[in-house]
Structure formats: C-alpha cells, structure tokens
Amino acid sequence: MDIAEILSYGFMQRALLAGSLIAVLCAVLGCFLVLRRLSLIGDGLAHVTFGSVALALLLKFYAASALFVSLPVVMLCSLGILKLTERARVTGDAAIGIVSSLGIAIGVILASLGGGFTADLFSYLFGNILAISRAEVLLAVVLCATVLLLVTFFYHELVAITFNEELARISGIRTGRISSLLVLLTALTVVLAMKLVGIMLISALLILPSSAALQLARGFRTTLLLAALLGVIAVIGGTFASVMLNIPTGATIVLLNFMIFGLACFGKRLLAQE
Amino acid sequence: MPPVIDVKGLYCRYGATHVLSDITFRVEDGDYVGIVGPNGSGKSTLVRALLGLSSRDEGEIGLFGVPLSEFEDWQQIGYLPQHFNLFTSNFPATVTEVVRLGLLSGKRFPRRISRADTARIDDILEYMGVQDLRRRRIGQLSGGQQQRVLLARAMVNQPRLLILDEPTAALDPETRDRFYSLLAEVNRERNTTILLVTHDSATIGSCASKLLYLDKRLVFYGTFREFCVSSAMTNHFGELAQHQICRLH
Amino acid sequence: MTAFRWRVMLLLAAACLVFFTGCSRETTSGPAATNRLQVVTTLFPLYDFARAIAGNRAEVRLLLPPGSEPHTFEPKPEDILAINRAALFVYTNRFMEPWAEDLVKGVPRDRLTVVDASTGLVLLDAAAGHDHGHGAMEEGHHDEPSGKDPHIWLDLTNAQAMVDTILAGFVARDPANRDYYAANAAAYKGKLADLDRRYKATLGTCKNRTLLHAGHAAFAYLARRYGITYVSATGVAADAQTTPSRMAELVKRVRALKLQYNFSEELVSPRVAETIATETGARILRLHAAHNISKDDLAAGVTFLDLMEKNLAALATGLQCRQ
C-alpha cells in the first residue's frame, strides 16, 4: 500500500502523532530510569495494573473508568518500589519484582473473590497504536506537555539525584521528593500511555531509545535529546515499515528500536577505535 | 568565629557493632586535617556522619556553629566521596555538566544556571588544569583527571570546608603527589578548611597541619608537632612508625 | 499483554499444584455432596446446553468465571476439587481450551467422562484477519494453517449437534435418567432449530451482506451458516494485533459498501471499532460471542438463546434486513 494513501487515514495520522509524543516522553523518563537501574519499572507497573483491574472490578468501576482505580494504585506502587530501594537495601530490579508479583497475587485473589469480571477490562487498559481516538491524542499531548514541563523545571535536580543521590542530598536537594516525582511521572506515563499504545511498546520505548543514546552521547542533555530523537525515529519508521510489510505496528516499532540500539552499540565501537 | 566542625561525644553503630565511640574534636577555620587509621577504623563513617549521610546514635555535630539537623548552608561544604569514579564511568555527563552539578547547593528552587555560573565553571576548570577536557565525557578521562574534575565540582562554589574521602586511592604515586600539592595550595591560597581521609599515613605529614588518628575511637587529635613529641603516641605506635609519619613533616 | 497473562497463569498453576496435591487425597475419597450427576463445563454455551439437558436431575457447574479469557484460564483449588467430584467434564475443543486436557489428565476415565463438544463437527481453518465468506473468499492467506477456529457454537446447527454430543455424555454416566435427559435435549434443540430458522429468514433479506467486525475473528461460523461475508480486523487469536493495511482495508470496505454499521464484540473495549467509526461515520453495534458472559448477565439468568436473540437483532439492524 502506498505511503501517501495510508497517510490519508486518520488512524495513521493519530498513530504517528500520539506515538511520537509517547516516544519522546518515554525516552526522556527512560534515561533517568535506566541510569537509576529502574529500567524494568514499566514492565513491573504493567503487572501492578493487572492487579488493579481486579480492584476496579471489586469497587464496581467498569470499562474505561477502571483507569480511575488503576492510576492511583499504580502510582502508590511506584512509590512502594522507591521506598524498597531506599529503606530496605533492596536493589531496583528486586524491588520491581517484589512489588509487581505482589500486585499480580493480590489481583488474582481479588478477581477470585469478586467471582469473575464484567468485561474484559484488559482490553480497556491496554490499547493499540492503530486504534487511538482523537480524545486520546489530546490526552497524549497533555501528558507529554505535563511531564516534559516538570522534567524541564526539575532538570538539574533530576540529573543530580541520578548522578549521585548523596551528593545531591548535601547540595540541599530534597532527594526523596525528586525521586518520588520521577517514579510518579513514570507511573502516570505507564498507565496512560499503555491505554494508548499497549504495554509492549511502553516497555520498549522506556528502555531502548535511552540505552541507544547512552552508547553514543557524551553529555546528559545530548543523551536526553538523542534518546527522544531515536524514539521518534523508531515510531515513525516502524509505523511505515509495518505498512509496507503488512505486519503489526507495535511489534515492528519495537524491532526497529532494537535495530537502532544495535547500530548504536556498533557505532560506539567505531567511535572508540578512532 | 565558631569552629568549622564541632563534634561532641559522637557514637555510631551498625547493628550491634560499635563503629565509633565517644568522638570529640574541633576543626578551626583554615585547618588542614588528615584523618588516618587502619582499615575499618570508622574514617568514612565519621565524615559521612558529619554530613548527615549516615546516622548517629549519640552525640552532637555542629557545622559553622549550626547543629547538623538545622544546617542548610550546603554551599559552604564541598565533598568528594570514596570510590566515586567507579560509579561515574558510564554516566553520560560532560566535564562541564559534572562541575555544574556542584553549583546547585548555592541555589534555591527553581535552580537556574546563569552566565556568571558558566564563568565560574570555566575558572575552576582552569584552576584545576582540566579546561581542555570540558566537553569530554567524564568516564573517558583517566583516574587523575576524573579526580580533578570531581574536586572542581566540590570547589566550584568556593566552599569554606572541603571534605575528601580517600581521593587518591586509585591514583598512581606521581598523580597522587600532584593532587596533594593542589590541595595544599587550595588550603593556603583560598584559606579553605580541609578534612582529608586517607589510609596513607606516611605522606599525610607532608601536607596536613593536623592529624586525627582514628581506631573506632579517637586515638590522637592535634598538630603534627604535638604528635611527634607525644610519648603516649610513641607507646601506641612504636618509635619507628611515629618517626615515619613525622619524617616528612 | 499475552506474555504477562502467561506469567500470571504460571504463577497460578504453581499455586494450584500445591493446593491440588495437598487437597485431592482427602476429598476424592469422600462421597460427592449429593447423589445427583455432577457435571463441570468450561464455557458458557456448554454450561447453558448442559443445564438445559440436566433439568433438576443433575448439577452443572460453569468452570470459567464470568469475564475471564478462555485461552488462559486460571483454576482455583475449588475448581480442581469440582472436577475431581464430577462424573462428566465438557469442553469445547482443544483450540478453545488448550489447557482442558491437562486439567483432567490426572483423573481416571472410569470416574470421569470427558466430552469434547466439537466431536463430529468440521472445524474451520483459523484465517488470520481475512475474509471468511460463503463463496466470497477473496484472499487465500492462512497465517495459522494448523490452527482451527474454535467458535463452533455460533452456528446454530453446530449448537444442536453439540447438544447431542453432551446428551450422550449424560446418558453414559446416568443411564437411569436417559429418557428425562433426552426429552430436555430435544426441547432445547427445538428452540435452537427455531432460532436458526428465524436467523435464516431474517438474514436472507438483508440489503447488505458483509459483516464487518473490528475485532478478532469470532463470528466466522455464524457468517458461513447464513451466507454472510465476514471481515474481521484480526485473526482468531484473541490477542492478535492488526496491521495498518488491514485497518485501511476495513475502512475502504466500509466506504465501498456504504456500510452504516461496524461490529464490535461485547465485553471487549470497542477501540478498533471506534477508530473505524471515526474514520467512516459507520456506527457501532455489539455482538456477543457467548463464550465470555458478564457476571451480571450470569447472575440475571441470561441464556445462550437470549444472547443469540440479541445478536440477531443487532445483525438485522447492522446489515439492514427486513424485520
């Protein structure tokens, strides 16, 4: 199918626009998360979302309104992951594992107590990049603007706690609050963006563009910008590739993301050899 | 003028193990204190307690006359933690960006970097002799270069107190000596009070003005002259060791 | 999403294994709660067929909790116990409930009769997101050549055959009540046949013969039975993802055929249907695939026939048939 024609469809325009916005968002947050060894937090919070669905069911929040239960639950759990790493001498990956398996277990028990679902709530919480509504594009714009604004506002503090938390503390930075801000923004992004593009894509967009940028960039600011750029390239390139090859879009974007990461690793070696 | 550091009756424990017991000492403005002692003697715990990074069980700590719990004037203090370069080797930050982080303590929210700040970064990099590296990634530098950059980060606010925890551990002897003379210069020219933790008691005598010997408690605190003539220390260390420390002074 | 549902399932399977090995010894030796025939069914259509046959002389239990996805079922210890107490276990087929055979493997066949309700029926190939047309196949891709479409009950003649298969199971286990069960089955089949005639009559008059379903291909049997061209966004697998070209084709199809409605499945988020609606202006109608009934419907006593009545009404509107 030719590109001009496929671009005339609204769902494609929305996929490219909302997808790019989410890619930027995830890439920027991803840089901080990967460096703080919390890269799997996207995956972990998706598991928690599973648990929260059961709670939504028990509280009789059906269909799309399940979000109003999932969002606060997932945000709380993101703080839980943070507290585990700070207080209990647990590493980031273990903390994510602990919270996410707890989330699933509680979800399974609640679902069983509730005696079944009223609808396939998963289908409401996990979206598809080809089926983004106009309202959801607006949501992506607002989400992206909010997160990027906050990240810009707290840029130096975020870099400082990522560089070294103790040094940040004795620079008078309230490290607890800044870390909380980071994981809360991540939780917000995971839940809302998952509703738009699905969990696989969120997880990939959080880790891959930032990891690729970390291979190449020298400074922090350039890493953030490069990660955002690579994320957008992957979304746009992957979407077009999926049109040409007639394969599912989300998975194609993930694959392209991986290829970009591979090239970045290769490119780093070339740079090092010079 | 209140003492730069004032510690009274400090006790620190990890679980049931006493790491530090009954530590009392004062550091005055312009002092250059070398903190020495065997491995596990609580040197790092002491400086971390001074900065509020590890908890204390008992005792009072004052910084510039203010109790630690109320202390907020962090731009007066520059800190270079132990083994720091191990954590930074993969961190995506240029030399300028790392030094810029040192400016944050002098700012209130929302923290913004001004043109004057950029000039200060350039000045300190030049002072440290690493101005040519400012656009390099921190992890690509040699150990000695990294330490200079991190010292620049600690000093960019022109702090009155500089605390360094084994800054020379990873350096070769020549680089180490250059680093020590740089610190001595900072102490002399800028009147910066320095607290230097080192396991290297043989060389400390060449630069520090005071010696703090720690072995889970305070074994000795005073000037080198006092140390070298103290018969208690001769009994404690033996004549040979005492002489070795005093030789370079 | 699939990946982590699998992980959830594994977690549960592990938990159940513990419970199962712990509990089974004590309970299997004890007698069943009542002397009536105990029947366990997996999905709602089977449950509905079986309870119609059972009347008040057998106890029928629906294994899958309402709203759960049948491909990745999570059994509770109680479910395992129920299967151990039961004399009859009815499932749809190995494509719908791939876990079913494993679940009953441990129970000796002399104590439990296992009924594959699709016995004797021809299963359609599972085409991945392409047209299933009665004589109107335009595309021949079959991405899952080995897979079969499990949604057999949506063809009402299949449903009647399934009733017979299940009846045979009842009779084998409880021959004393043979005539009672047979009479119930005959009555139920009569209702199915009657509904089938009304489907034929109504759907024979439609202005439009394309059922455009913005979801996973569950309604191929229904479409084939009533001579309707069936177009779906994705293949039979419940969590398959569609491609941009497929979406564009659906949109083009709606425009070319001037379809006024596109269909979405009940209980599932209609986001793909909404996307097509935004693109084309075609409104959305919901069809019920019946294997996944909501908790409220189950509590309200809704039957398979009720769901299929509703489907007929939706189809009549959506395909512009004379009613």
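Order of writing sets the chain letters: A, B and C. Residues in each chain are counted from 1.
Throughout what follows, a contact is a pair of C-beta atoms (placed from the backbone, for glycine too) under 8 Å apart; a residue touches a chain by one contact, two chains touch by 3 or more.
Values in this document were obtained by computation on a predicted structure and should not be read as measured data.
Contact topology of the protein chains: linear, an open path with no closing contact. When chain pairs are compared by contacting C-beta pairs, A-C ranks highest. Between the Cα centres of chain A and chain B there is a gap of 40 Å. If you average the CA atoms of chain B and of chain C, the two centres end up 72 Å from each other.
Mean C-alpha position of chain A lies 35 Å from that of chain C.
Put simply, chain A touches chain B in their complex at residues 31, 35, 153, 156-157, 159-160, 163-164, 166-173, 213-214, 217-223. Taken in their complex, chain A has these residues touching chain C: 1, 5-6, 9-12, 15, 43, 46-47, 50, 57, 63-64, 101, 104-105, 107-108, 111-112, 114-124, 126-128, 130-134, 198-200, 239, 242-243, 246-251. Residue ranges of chain C in contact with chain A, taken from their complex: 1, 3-5, 7-8, 11-12, 65-69, 74, 76, 240-248, 251, 267-269, 271-272, 274-275, 278-279, 292, 294-296, 298. Within the complex formed with chain A, the residues of chain B that make contact are 51-53, 72, 74-75, 77, 79, 81, 84, 87-88, 90-94, 96-98, 100-102, 104-105, 110-111, 113, 135-137.
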